[in-house]
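The following pair of complexes shares a single chain, subunit A, combined with subunit B in the former and subunit C in the latter.
Entry: the complex of A and B
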């Protein structure tokens, strides 16, 4: 591929174009938003009630790191984590499999920018389309669930800073899972598994501090927690900013390499279907 | 005519359903590796919900006084009812799609009922994963709570599962019927499914009373698993309702599904071909 033929500026313009197309595609279906929003709010409300019910009457519980977690902190965690996970995973995961099955992947391959980058940017466009919805959803979510101010000014900045790698890791993960389409044409099964395993190990339902030891270790060694748990834990002052950012950047590097490797293997397997 | 055929319906209903379903199943099994993964997907979907509950109970001891075994039993009852309903009816989820693409026109011209043809257009194997997970959780829970295994109790359990399946089904059928006017209402049905999935597996007594009333009389989640589980676990004493209401919970299913079918019959009259 003639990747080197493009100036960085041209390449960026190409990526922005790919992202824009996905953004528009997603916005066509905004009619479904109301029920998706209601679904999210019901989910947050339910989790709040359940945490209310299980929490000790004293209003605090000990996390497995030894610190006390107040009920209000726990509910703020659940609210923020669910909204964030919702934003990152509402973009759908359809386009690589669809393009492989319909043969349009041939067009993507002929473009002068790398295919994996195209796909990551397309996914970014799909997630960006969810942003306005998330902005609308957030106040309702905080009302139904619960809100807490950030633990400190540093935690607030740390949260915003750690959101960037969190988004990138999430985009890389969804793209990697979609790449499976090059090996098996039907992918709905893998997507469903990814959706739920990701949600759980990301800490969207239970924060890592309440997971039993072995599960916590498993979650810590997986990239999913870096997308949801890590930023929210920083916000609430339950995790250090720099350590969190370090782990996140490490995952970005690992996943980028993995995507390269997988793409290199996939290229040898591409079967362009039909005309 | 004998065996229920008429000039307009020359093929007996049961035979038509069997033929269509067989074809759908064969089509689905063409993608062998995906078949297994789809099954695993159904298991992951329900498994994550249970994993959440068991982490909670493991950390905090009990939920609303229900032990892990009791909650697993309740949770399993809900998921089993869900799986039982979903296996034959997963295609209700794409009713709006078949209307938009004009596929539904075909159902009206063929010698079989449109609802039957819709339901047999594809078999979604993840639903079998749902059922397997449900039964596994139910059995695991039952073994922890030394359930009454007299024939009477087991019969009640079976009726409760079928009744629960029909309760959930009635909501989905009624919501799907609105597709004839709304053209796109998949998110409404996912929303209902979300409520069932979110609240169905918990002892409802942990929720505030307004929520409990909504989940009993507006969206009848309580009738799917919570009320029959109270009966089977001898916990009717903690209910705000009279115990006989809980005992009669399996009757809600047949009643509601009949109502939902009426909704289907009235809504299908509003069908307008998309012309494509």
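Entry: the complex of A and C
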């Protein structure tokens, strides 16, 4: 009698279960929500003050591509981008490092499902847990910041569509960076760097259209912008729907491959802490 | 009838750990990151053994002997440096996920349960992770809830459980997918006597009724004496002994102890028999007790007792078998003396 691995349908059920358990775990700590919301609102309000102050009196500024960006568009961008970035990065970076440090990876590795997939799905659950909070936070954010309707019906659909790959790219990036824990057991320094780079290159603070030429090129060639800048730019009619989706899907594929490669290397390095 | 193939085969297993050499002095931490020098340690150094389906073996050794490393290799978590392993026809680290469906693991020092959620949530997720059919899983949860007495705390978050309750939960989680092999890595560590007894009874039941093959590592030799017929003893990454508990005792502590309680006022005159000698008196011995040591191979118990009774007035007699604890203690001590 020999046993095979799980069938694809069983695998999906297993991963959905992992996500669900993580979602429920996050809800145990929902008391933290008010403070996180406060942080988000302060962040949006301060950026709004800055853009109000630096904008020309005419109310429009010229972006990097030569097109004019109205102040209201700029503030709507900042608001939406920050809320989105807040949601995507709400899971924190501690998930894998903690499991490596405590040796609980041993438990994950003794399961009949893939380790990187378990990690990605668990974090998907953590992000899903934040969805209702984001819905609550959004009206406050719009009040403190500002809102604009989507550029067109197509832009609205394009925005919703591009959110899906944005979430996946964000999950893959978070997992990839956390995997560093297999090499260096101490990771907090790396995460501080990641947080700044991520937030900046994602366009959460400054949209890519206001970045100087070389920086914009750099940001465009990095995956971070596909998580935050790209969907919001589609919403405001500053980027084409199909081109954006194409780039996002490409990043999904590249990052998935990178995660496989990294895990293949990490597996040879597995040192399980403790007896 | 041909003998069935062993369910676990381990041959020439070795595992070497390498870690970068720590550099002391200024910026030592950063220099350590870039060093090319390594310190290596052989945690497992050529281990062979086989386990037949349905066996319950104790896998023993002092701290750092290589027990946990072996278990991690058998579960597919670690890749060995050398040697071959087959568990139920699967090479664990090559097909980790397939191997995982054949085995259950309990690590006494960490839990596989989800800390913040009720125990029930963990048990339910296990069914999905192992692809167990839903009705069957539900029936299994019911069965193990009864066997392990989980009903009182199955809806309590795991972090609020006592260690004994958590361990019962972990055992249920490991056994829910009905694995053929169960690895228990110190399952009774830190538990009180009652909790230990309960866990032992459960392990014995599994092995007897379900035919689950059990590999038990522990420092509690009571566990071993009560559960295992066979033990594999390792130290320094090598197998020191592989066989039955009785043979181990016979080899390392062949002599039995006869404790004699003399009647009041009676005087000890000694027993003149080859192979029988008086044991040095123990500190907490009651007055009027004498202990004799003898090897049942050369002097039969009945003859020794007869010789004592012929010359003395005695109120009580008892024969004490050597305890595994003492035996293992002597083996470890002897190894340390050599090293």
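Observations, loosely collected:
Here is the rule we go by: the second predicted complex is superposed on the first by the 270 of 275 C-alpha atoms of A that agree within 3 Å, B and C clash if a C-alpha of one lies under 4 Å from a C-alpha of the other, contacts with A are read in each partner's own complex, and residues count from 1 in each chain.
The criterion applied here is as follows: a contact is a pair of C-beta atoms (placed from the backbone, for glycine too) under 8 Å apart; a residue touches a chain by one contact, two chains touch by 3 or more.
Just so it is clear, the model here is predicted, and its values are computed rather than measured.
In the superposition on chain A, contact of A:7 is made with subunit C only, not with subunit B. Applying the stated contact rule after C-alpha superposition, one finds that A:140 touches neither subunit B nor subunit C.
Look at A:46: by the touch rule set out above, it reaches subunit B but stays clear of subunit C. Touch criterion met: A:113 reaches subunit C, while subunit B stays clear of it. When the shared chain is aligned, subunit B comes close enough to touch A:210, but subunit C does not. Of the two partner chains placed around the shared chain by superposition, subunit B and subunit C are both touched by A:184. By the touch criterion stated above, A:199 is placed in contact with subunit B alone, subunit C being left untouched. Taken together, the two structures place residues 184 of subunit A in contact with subunit B in one case and with subunit C in the other.
Interface residues of subunit A, counted against subunit B in their complex, comprise 31-32, 34-36, 38-39, 42-43, 46, 49-50, 52-56, 61, 184-193, 196-197, 199-200, 205-206, 210-212, 215.
Across the interface of their complex, subunit A is touched by residues 31, 33-42, 44-45, 47-48, 51-52, 55-56, 58-60, 63-64, 126, 184, 186-188, 190-191, 194-195, 198-199, 202, 206-208, 211 of subunit B. By the touch rule above, subunit C contacts subunit A in their complex via residues 17, 19, 33, 63, 68, 72, 75-79, 88-90, 95-98, 100-103, 105, 107, 109-112, 114-117, 121-122, 124-125, 128-131, 157, 186.
By the touch criterion given at the top, residues 2-7, 10, 13-14, 16-18, 20-21, 24-25, 28-29, 102-104, 106-107, 109-114, 184, 267-268, 270-272, 274-275 of subunit A touch subunit C in their complex.
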